[in-house]
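Two complexes are shown next, each including chain A; its partner changes from chain B in the first to chain C in the second.
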Partner chain A sequence: MLEARMTQAATLKKLLDAIKELVTDANFDCNDAGINLQAMDNSHVALVAFLLRAQGFEHYRCDRNHSLGISLASLTKILKCAGNDDVVTLKSEEDGDLLSLVFESPNQDRVSEYDLKLMDIDSEHLGIPETEYDAVVKLSSSEFQRICRDLSVLSESVIIDCSKDGIKFSASGDIGSGSVKLKQGASVDDNADTSTTIELKQAVTLTFSLKYLSNFTKATPLSDTVTLSMSGEVPLLVEYKVSDVGYIRYYLAPKIGDDNA
Partner chain B sequence: MDKKKKPRQQTLMSFFGANAAGKLPNASQTSNKSEDASSPAAPAPPSSPQSDSSNRKRKHSPQPDAVNEAKDNPDEVEMPVSDNDSPEEPPKKKAARKNNIPSGRLIKKGDAAKKAAAKIVTPDESASEAEDKKVVSPRKRKARNEEKEGSPPPSKKPNKTNSDNSDTEVDDSPAAENPISPEPKQQPSKKKTTPTKAINAKATGKAKTSETKIEKNASSSFVDTPQGGTSSPTSEFEKDEKEAVKEEKEQDDDKKFDKEVAKATVKMMMAGGGSPKKGSQITWKKGDDVPYAALTNTFEAIESTTKRLQITADLTDFFKRVLQLSPHNLVACIYLCLNRVGPEYEGKELGIGESILIKAIAEATARSAASIKSELAEKGDLGDIAQSSKGKQKSLFKPAALTVPSVFKTLKEISAIMGTSSQQKKIALIKKMLSACQGNEPKFLIRSLEGKLRIGVAERTVLPALANATVAMNPDFAKWSTAKREQELEEAASVIKQVYSELPTYDEIVPALLEKGTKGLAEACKLRPGVPLKPMLAHPTKAISEVLDRFEDMSFTCEYKYDGERAQIHMLEDGTVMIYSRNSENLSAKYPDVIERLHKIPKEGVKSFVLDGECVAWDREKKCILPFQVLSTRKRKDVQTADIQVQVCIFGFDLIYLNGEALTKEPLIKRRELLHTSFKEVEGEFAFAKYMDGNTVEEIQTFLDEAVAGNCEGLMVKTLEKEASYEPSKRSRNWLKVKKDYLSGAGDSLDLVVMGGYLGKGKRTGWYGGYLLACWDDDREEYQSICKIGTGFSEEQLAEHAKFFKAHIIDRPRPYYRYTDTPNLRPDVWFEPVQVWEVKAADLSISPVHQAAIGLVDSSKGISLRFPRFIRVRDDKSPEQATSATQVAEFYRNQKINSAKGGKDEDDD
Partner chain C sequence: MGIKGLSKVVGDNAPAGSKENDIKNYFGRKVAIDASMSIYQFLIAVRQQDGMQLTNEAGETTSHLMGVFYRTIRMVENGIKPVYVFDGKPPTLKSDELKKRGERRAEAEVSAAAAQEEGDNENFDKFSRRTVKVTKEHNEECRRLLKLMGIPYVEAPSEAEAQCAALARAGKVYAAGSEDMDTLTFGAPVLLRHLTFSEARKMPIAEMNLEKTLEGLGMDMDQFIDMCILLGCDYCDSIKGIGPGRAVSLIKEHGSLEKVVASLDTKKYPIPENWPYKEARELFRNPDVLDPETVELKWDTPDEEGLVEFMVTEKNFNEDRVRKAVQKLAKHLTTATQGRLDSFFKVMPKDPLTATKRKAEDDGDKKGKKKTPAKGGNKGAGRPRK
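Showing the complex of A and B:
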């Protein structure tokens, strides 16, 4: 049986918001280390994976590994019933077909309980290799969100060009072209934590779909910074660390043939 | 890699493998990886120095299962080919390009044994490696080149060589997968061996006559006709005659054909020793689901030929393999071959428009919808586009391959989607399938979704193939003599056809066939109410004398031929009533009124029946039959009994089933007697078709005149006692029709001006598939649209016209072009008024869209032609000498006068 108590319902809400556009149904895999999710979008272009570590919960107990097949839209609906500061408890029996959610208000004067029906979802688990990337860029997540939003005006795809002195996002389309360059070390809001840092082994230039990237930036509320890890011709890894609790990672296959006419 | 205007989206699957072990990932994927020895990542590092950066990313292979390898492998041979290696591309370059790609390569470098032991390489990887790297054996390459050049697709391959191959493939040893293996793997769907060719050649020679005809038929059905009709000859008689002749030929051909097929199959068996020829095609593990690729490869082979014998042989071969390995998938296979999602009479359709497909393809490939549209105009086939878009995409690893049942299930799901955001849901499902597609799958998947498979496979090919496959599965088959085999095959084909014509649903036939074989099939699957059978059809005749010639020395009867809609009325034991059309379409929703009052008709003791009749519009006040045009104004769906404007009366003329007994074998005279004794007439609701058993020209002529006077189309003449059984789905010479129209001569020809053209699709890509024609109105000095035309052209003519009119394209219609601007009618291109065509039409009718002679016959509606057919170019006429609006109106009025008492339909518009 699974029992997990989380102090802030908001975290769960944000997490859901960050994935529900990409996938509709997914298995939440629970084991003693925490709760995992891995799912691909329909066209197998992007993959989202998150981990909520056991330590991140106020209380966490999972006797045996099991999978909760969840319709993300339904879970989102139920989570809407929780206040941001509510304490959430997730409960599920191994062979049951329900996920129980208990929301307790911070001062404990209101307790609501919901049961969500689980579904059977066939999913293939992908072994994602730990990779050393040619370029690992950490930047402000809101800056990244803005760049994606701004460049979406111009084109469906963005070229990310990472060199020693900075990272450049550029797009060109029917109405014109544009680019945003972030310099190494610079911070958009004078906060050292969100300054742009680049670890570079080799300069890389890759093209990605802005639609997907914009989708990933739905995770912005989860973290101040985002890490983009890139190597030629391998999927981009976009990672948001969720303070203490875990992370959410997106993988996006690059586009090929990037002479953007 | 020719077109890359836009960056193309890759899928993640190209990079990650699925973890088939299916276990829960550990807390982090990383740890999972390092812990799990069998995980693909592990062996990789030692295997090679990471010479290029991309190698760092390792691939993961989900299915160590050797069978999967075997199954996946074959399509690999084709799949990546379309992408990265066209044969002419130098291997070096390709290898170079591939260098950037992660994974597989590494493993490749590692020794094969290790790889085998660890079973980490996905089939795709190894195979695609083989492709990519061009370590491909020269033989293989050569074979592929041949294949590209459209090598002959003889399907029969003697078994010997194959069995070797197949052994290797089914063999569990992944070593068999070693891409460097000099032994050429299977050539999916294309087999070549000399003995086979010889056989085929012989068989083909014999079947030649029938084949040529079939080719004609087949090609005509490919032709894209904007008008919807396939052929529209000058007069209705010609039309019917042509249809009938065609069908009859088909029937005759079918008979001959069955023999040919039987012979060919026997030969094939002998050559093959009666055992499976797996090596020639994709194989899969016994009991597994049939890979979709196995089906599409069969399609591919079928598409490359127009010879029906060949098609049947390919299909037989495929069915046989399905029977051997996964009989439970056979039904799905058959439906996919026929491009249906269920029995015909259920009327389920996919209902997927081009625009949805374009969107889905665009999303799946990250191309813009606009570029797909423009490519569509150029290539004309979305399937090909999907395939090439797909093929350009780099992939090292594919999602779990599509299987026949999964595709069929998804298609069924799609056909059931309705309501809000149904389009999105459909697109999502299509995208999902598309992303799992490989090789030639997208092409056929898209075509299936469009409902245009265009491979020339229809029931009459599937049925014999099914029969052959079943018979060939007989364990004793090898022991039989040639004659015995031929006989068995032929018998089976006729049994299956017979059964299918009585119970046209594979959902029942196939399981019965699997269980009981062809011998017990007829016993197990019988005509029964609730499942519509194909109605028996009549042969047209031109003159009464012809009737007498045909029925010399036979007793026959004449019946009124009512001008309505064929209706097959079923009543089940439980009282449920269903009405089916000539095409086995369920009309129950159209005729709730008929269903409601049907209980009045049967006399006591009648529990269940199938009655054949005609549903005719009926004027309750005047108590007379109304023309067909009135009936066609009835709503087709969601009819409420209370709102019905057009009342109908059923005229029953045959009884096919009564109280648990099929009457198809009984002579008409008995069936008619039963009909009359089991049912009673109800005025204005149900009547027996009027008949007369006379047999002199005068009697028949008088009866015909009466029929015409009674607003009927003419007469049906049927044998009564001898050769008088009910032959479902046959256009039989035992039923003749004499229509008044046949007797009154041919249709009119008009000279019309070409106004615009519609871009051709399919076979007509690059030309215009249809044209918009107009007549000239002297008074208003304008051209008025009169019809679209798409038939009557030869290929040469199409090419000529396209060439001619391309020089006369104008960017907008002339101000003196009068037409209704609806998307359906608006031509893709407009032309100057430069050429006049002579066109023949079956008839003229009032049209809500066309504008010809507007105001002359109807104040707001024009006249259009039904079934227009191109005759020739009138070089001698200038556009302004074209048939004038006044003449068109005249033609229309004359026609009214001819069709006796047709005056009624004027007030019914």
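Showing the complex of A and C:
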């Protein structure tokens, strides 16, 4: 059976907000190391994966590996019934078809219990190779969200140019063009933690769909910073840390120039 | 045309084999389309309000051009790269079937003429659709149109479906696009149906997956071919009294057509006198196709002036519309296409533990809802456990 106790319902709420736009149903794979999820969007362009480590929970017990097929819309509805500071306990029997959620208010005077029906979800699991990326950029997550929002006005896609001294996002469309450049080391809000850092092996230039990137920025509330990892002609990795519990990663296939092949 | 009742057999016995998808989800995919089949469809379906085919001033039919032009653009707009495959010489085994079709067409022509005489519009419409025949000129005009549009096409030595299947199997294209179910029998790993339907019909694309179909049926490829022959194909007659249900169970029980034949009670199920099932099987296994490796597919920029000359001047299409459509085509053929994750990351084999568990569950509920038609589609992928 699975039993996991988390002190802040808000974390789970934010996590769900970060994935529910991209996928509708997903399997939550539970094992003794923690809870994993991997799911692709319908059109197989983007993939979202998160890990909540067992150590991150106040209490965690999972006797045997099992996966919970969950409709994300339904889970979101149930989580709306929890207060942000509530303590959440997830419970599920191995062969059961329910996920039980218990919400306890911080001062323990209100306890609510919900059961969510599980589903059989036939999903493909992708093997993601460990990749050494040519460029790894850490920047403020709210800045990244703003760039995506701003450039969406101009075009459907953004060109990301990463060189030694900075990272440049540019877009051009019918009404005109625009670009945003962030310099290495600079911080947008005088907070050293969110300053832009670049680890570069080789300069890269890639084109991505802004629609998907904007979708990924739904994870912004989870973390102050975001890491973009890029190499030529491979999917972009966008990673947000989930406090000290784990991470959420998004992969996005690049747009490829026509080579007529 | 195709295999009798195969789509129902797959739907009933291997629901995982087919799913429905929006056309948008196929961007970046190359698809080999059975041209002759599509042209035939267009000639039937693309009509004026009074049921007559579209024609130019000289009275030449233009329904097929309309279809090929706009439906191709629709595919390109959705990021699909089509390549058309034209039929070559039909295999000799098909001559019986073709003769029958000819007779049926002749009958329909008689009925159509009679209906017209009586002023029975509804019946005239019905029968005149059955008289449709794709002529050499139709094919030739479509080739010319495709060339001007910059869309590649392939001349199959024999059956177009078989060539489409071969291209898909060799990885030259992602899927074969045809309505003919025998494309699967020819070994196409993925078959897309309804690809060339009109947008107005809001018909989702039906994607048939050969591997999953075989898995669902519990057969290997050879048994699948044998089953298709039993169901009834274009190349030989089927046995009277053997329908879809029995065909599946017979092959499952005996494993091959030879053993089925040996065990059949010939009084109850008379085997047709001339029944070249071995030849038909050979045709499905090793059809006459061009080596896919020698086929080069190249998408060019469309020739706007050439298209205007052909479509507007010769065929009386509206110039504005043609120009706009060509610009759309050119734009989509040149802009960067969105890549797909599955071309970078490989699908992992399923965890055997969960897979076996699933299967057991599947068997359980199959009994309960055997009669309900399989609902494909992504929404069908998740179903309540109880």
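Observations, loosely collected:
In this text, the second predicted complex is superposed on the first by the 257 of 261 C-alpha atoms of A that agree within 3 Å, B and C clash if a C-alpha of one lies under 4 Å from a C-alpha of the other, contacts with A are read in each partner's own complex, and residues count from 1 in each chain.
FYI, a contact is a pair of C-beta atoms (placed from the backbone, for glycine too) under 8 Å apart; a residue touches a chain by one contact, two chains touch by 3 or more.
All figures in this text were calculated on a predicted structure; none of them were measured in a lab.
After alignment on the shared chain A, the placement of chain B and chain C results in a clash. Of the two partner chains, neither chain B nor chain C is touched by A:80. Applying the stated contact rule after C-alpha superposition, one finds that A:164 touches neither chain B nor chain C. In the superposition on chain A, contact of A:71 is made with chain C only, not with chain B. After overlaying the two complexes on the shared chain, residue contacts for A:120 are found with chain C alone; chain B is out of touch.
Of the two partner chains placed around the shared chain by superposition, chain B is the only one that A:36 touches, whereas chain C remains out of contact.
Touch criterion met: A:53 reaches chain B, while chain C stays clear of it. Legend: residue contacts after superposition of the two complexes on their common chain; A:255 is shown touching both chain B and chain C.
After overlaying the two complexes on the shared chain, residue contacts for A:44 are found with chain B and with chain C alike.
After superposition on chain A, the chain B segment that clashes with chain C is 217-225; the remaining candidates among 37-45, 217-225 or 901-909 show no clashing C-alpha atoms.
Note: residues 40, 42-47, 65-67, 124-129, 157, 207, 209, 234-235, 251-258, 260 of chain A belong to the chain B contact set and to the chain C contact set alike, using the contact criterion stated above.
Chain A meets chain B in the complex at residues 29, 31, 33-34, 36, 38, 40, 42-47, 49, 51, 53-54, 65-67, 124-132, 134, 156-157, 201-202, 207, 209, 231-235, 251-261. On the chain A side of its complex with chain C, the touching residues are 24-25, 40, 42-47, 65-67, 69, 71, 97, 117-129, 157, 207, 209, 234-235, 251-258, 260. Of all the residues in chain C, the ones that touch chain A in their complex are 16, 22, 24-25, 27, 298-299, 333-348, 350-351, 353-354, 358, 361, 378, 381-386.
Looking at the complex, you find that chain B touches chain A at residues 1, 4-30, 32-34, 36, 39-41, 53-54, 56-60, 62, 100-102, 363-364, 366, 368, 392-394, 399-400, 428, 431-432, 434-436.
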